[in-house]
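What follows is subunit A paired twice: with subunit B in the first complex and subunit C in the second.
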Partner chain A sequence: MGLPARPLRRRAAIFSYCAEPELLEGARWLACYLTTGKHMAFYASFGTVLLLLAITAPVALAFGFLGAMSARSHIFPINWLGRTYIAIVRGVPDIAFFLFFVIALDQGFEWLRHQALCPGWDQPIRQGNDFVVCDAAKLPLGTAPQWVHETYGFLLAVLTFAIVFGAFAANVLFGAMRAVPRAQIETAEAYGMSRRQSFWRILVPQMWVYALPGLSNLWMVLIKATPLLFLLGVEDIVYWARELGGTKTPRFTDYPHGDWRMWYFLALLVFYLGFTKVSEVVLGRVMQRLTFGQATAGGEAQRKAAA
Partner chain B sequence: MSCWETFADYALRSVGVGERLLPRSDFTLCQQFVLIGSGMIWNVYFGVLALFAGFFLATAVALGKAAQSPWLRKPAEWFIFLFRGSPLFIQFFFAYFLFLSLKQVAPVFTPLTSAWAGALVVLFLNTAAYSGEIFYGALLSVPKGDTEAADAYGFSGWVRFRRIVWPTMLRLAWPAYTNEAIFLFHATTLVYFSGFPAFQQRGDALYYANYFADKTFNPFVPYPILAGYFILLTLLLIALFGLINRRLNRHLPQARRAKMKLRLNLIR
Partner chain C sequence: MKLFLTGTAVLALTASLAMAASHSGTVRLGTEGAYPPFNFLNDAGEVDGFEREVGDELCARAELTCEWVTNEWDSIIPNLVSGNYDAIIAGMSITDEREEVIDFTQNYTQPDPSSYLGMAGTEIDPAGAVIAAQAGTIQAAHIAEIGATLLEFANPEETIGAVRDGEADAVLADKSFLTPYAEESAELDFVAEDILLGGGIGMGFRESDAELRAKFDAAIQSMKEDGSLNALIEKWDVGETF
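Coming up: the complex of A and B.
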């Protein structure tokens, strides 16, 4: 038994009384337990989730906008591309897309770099069960520090989310663009606006009120899809909840406890319930704002209530 | 090894019949098709049973949410909020660890720690909540004339519900309920990625697709196969639900029949 009974080096604790964990009891023990370094990493991973949402939502919206625009295009290949993009991501379980895109994107990037950086390479890239590219084309480079690997993994996850949710958003925006009354566009044309002008000045400002119910639904779905980050190999809240909740023996930690994973996942459940509730309230307010002055049933109801 | 032999060995692999060991090298296209197809047995099992059982609970939940008494309304509202407001993925994890703890208390709960029972319970409750909300919406839009006519004919209580309200509710809810059914089948792919262990590598279609993708490091074969299977399953569901939709609408003139509008696939 050459191992020390507990780790020799302790992290600096937040509370002064945390210096001797064996002597603590009750609330103080819990306070110290919940402020260990690993728990701080757990709390920070909630930030990872929020960061993912903050980056993915606008990127997916942009993808969706491009998809909807190309599905409306009069040029055949672009139109076909837009429609295929919308159609293909639907009808198949999206978790399959998450698992697929992460490897596919990774291999795609490495293949492109391989073509660019190693022109003299004569071996096949797929050798049996291996995917082999030259060292210079590896992403990230084998010599890169740990944080580069983690950031690269996270960015791949963001891109995957954006592609999948972009297709959903494209579908919603495409429908919203068609929901804008035809008379509005005809009026714009009568005033001599070009196709481009009537699109940007008339259609786009008016479509948001039609798109918002679909987009807010999508936002809810996006929130509920964030735990899938775990499957993409990112150290997110699910990872830490499993890690911290598992049984801990006194030998490896100052705070031994039984299997608490159930409680950690209960906490995650409460977090998501709160998050969706807040989103619901906020989106309801936004809808009120957008409806104001619109020629829809909702706008009419607001006008009557004010009068 | 011919493809027929592979079929004999692996067609029922996901339920533990046939060859014990999964292929480890020299993966053929045939093996991938057969094993992923074999995994579909579990997706169909979870989907069909959860949908069938969930249908009845969903009706009860919808009635509860529409009830006057807060003793019925509040629990139904909370049930719906709990399962619709949180990710299914987290629900699976929480349920799995909950069942593990319960198993320590009483051995009755042991089956619930395996996927075939535990995940089924979660999917059942989840689909009941989503369908309950759909049915509730339909219940509120049952035309006033229908219920007034029922009252005038002296219908009341159970008979009024069974003969008048319920058929109309189903008819109105059916297109949305079809989408829900498709979501549910897609959601069954989450089971083996969320804590529930795949006993002796008996998993669902995505489990095997993932197995092949990990082993061959080539996602471009197994995932399209999986996608093909799911598109087939989705088309089958649409056909089946379309038939029921026709029956529910058979008394209406052609122009007023509810068209099936399909919005496929969002994660829950």
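Coming up: the complex of A and C.
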């Protein structure tokens, strides 16, 4: 039993002494272990997660703003659309949303492209379990390089996160808009502002201070929701931590070790806690800025402190 | 917004360029990447193992450009069916249940015995024990059939963990997957008779993709005939040769 010595593919390593991993010990072993290609992919996945958050947060906020606006609308279909969006997305479990909605969305795009690009197609699109569109309608194209597939998956993930978190943000913003004292709007009307003017000039600038606690909650939940990415085929930090931490036997790696998942998850814990701390500090500052000059208890306190 | 539009344009452009460049087509091979020696990620983070070598050789013989993609075992069939990749090559045994949803090539390994791995020095009666298995595998189906208590886990690593923690009495999986654990860990050993399950491992294709399946089927046949498949089976120690 046992494998004949397999010619191990050695790659240009960062440290020259990594060429003979079997002979290494202590700190050098660790240095080589932590700079394998696999670990580099793990470090890069932190970037993926941060990039996802950086793109998703503003897009979700935009979805939320549109949702809240339409839920306030006096035009029936728009109002109905906004309220349905908020109610349905908030009601469906995230995991179901991520599993089914994304596949449906992907197939919806492909179906549209199929209708546009392959008019001469005579076979049914649904063949038993298979979803078959012509090659030109595939998204991304079957011939596209792997990074296009990955980018496409990433964009689908951003869109799905934005739709889900947008619905929650819409509800927060909807509440915040109603929390702005009625007297402010009445005063605006008394000055002769139109509905549109009082919305953009009076309501929107004042609502953020009411929305921020709810939005900051959402942000915290979003930070921790990123492992759902793996359901979409995007390899995130939790996937890599599990993969790297799992037991490695000497037959399949130069760096065998036992079950180290605990240490990898500990590193993730530190990352998440650190990220939460930074978020709290930043959100605290934003809150201070937004409170400035507002007709709220916080704004009053700032005024008194300055006086 | 502008940036987003530019990004989309760039994507569309590269996609059409890629199509123009290689019209012969790239075949995307989906695997799990967590089931040594069949498929696993090596230190460089690339797919490696018996199936990597078999798959690359098959693609060369069928004159196809292939690309490796990893996907979680749980959703490996749904993602094939919805077209995220074109073939499954992930240590998947040919069974009747799976045949209803996808089509298999001929088997490229012999039906591999499945073994019970438990704590060394114990012996169990499988029917009355708590057995761990990966969800959606023939082994999990077998445990449910014989009426033992089944603990299902999403990935192979966790099934071994369950035995180490004492949560399960044994894990049932392909013998070639469990052998390295039994050999290299003093506390783990085989604890019951091996059993034969399934019809060997084959590549899975969409039912509508008969043409591609035929190409790979022919390539497997030619590898069987010239003995190169047997050489790989021996090299990676994945059961009997043909």
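FYI, the second predicted complex is superposed on the first by the 297 of 307 C-alpha atoms of A that agree within 3 Å, B and C clash if a C-alpha of one lies under 4 Å from a C-alpha of the other, contacts with A are read in each partner's own complex, and residues count from 1 in each chain.
The definition used in the following text is that a contact is a pair of C-beta atoms (placed from the backbone, for glycine too) under 8 Å apart; a residue touches a chain by one contact, two chains touch by 3 or more.
None of the values given here were measured: they were computed from a predicted structure.
Participant: Look at A:243 in the shared chain and tell me whether it touches subunit B only, subunit C only, both, or neither; answer first, second, both or neither.
Facilitator: It touches subunit C, and subunit B stays clear.
Participant: Does the superposition put A:152 against subunit B (first), subunit C (second), both, or neither?
Facilitator: After superposing on A, A:152 lies in contact with subunit C but is clear of subunit B.
Participant: One more residue to check, A:186. First (subunit B), second (subunit C), both or neither?
Facilitator: In the superposed model, A:186 contacts neither subunit B nor subunit C.
Participant: Which partner chains sit in contact with A:251 here, subunit B, subunit C, both or neither? Use first/second/both/neither.
Facilitator: second
Participant: Taking the superposition as given, does A:300 touch the first partner, subunit B, the second, subunit C, both, or neither?
Facilitator: A:300 sits against neither subunit B nor subunit C.
Participant: Which partner does A:231 contact after superposing on A: first (subunit B), second (subunit C), both, neither?
Facilitator: So A:231 meets both subunit B and subunit C here.
Participant: Pick one for A:259: touches subunit B only (first), subunit C only (second), both, or neither.
Facilitator: After superposing on A, A:259 lies in contact with both subunit B and subunit C.
Participant: Considering each complex separately, which residues of subunit A are in contact with subunit B in the first and with subunit C in the second?
Facilitator: Comparing the two interfaces on subunit A, one with subunit B and one with subunit C, the shared residues are 99, 103, 107, 129-131, 230-231, 242, 259.
Participant: Which residues, counting only subunit B, touch subunit A once they are in their complex?
Facilitator: Residue positions touching the partner: 25, 27, 81-82, 85-91, 93-94, 97-98, 100-101, 186-187, 189-190, 193, 206, 209-210, 213, 215-220, 223, 226-227, 230-231, 234, 264-268.
Participant: For a test of understanding, state which residues of subunit A touch subunit C in their complex under the given definition.
Facilitator: Touch list, subunit A to subunit C: 1-4, 6, 9, 11, 36-38, 40-41, 99, 103, 106-107, 110, 127-133, 135, 138, 140-146, 148-149, 151-152, 230-231, 233, 235, 242-243, 246-247, 249-255, 259.
Participant: Mind listing the subunit A positions that touch subunit B in their complex?
Facilitator: 89-96, 99-100, 103-104, 107, 126, 129-131, 168, 217-218, 221, 223-228, 230-231, 238, 241-242, 245, 259, 261-262, 265-266, 268-269, 272-273, 276-277
Participant: So in the complex, which bits of subunit C are touching subunit A?
Facilitator: 11, 14-16, 18-19, 21-23, 25-26, 28, 33-34, 36-37, 40-46, 48-49, 67, 69-72, 75, 78-79, 81-84, 86, 101-102, 155, 157, 160-161, 164, 179-181, 183-184, 206-208, 235-237
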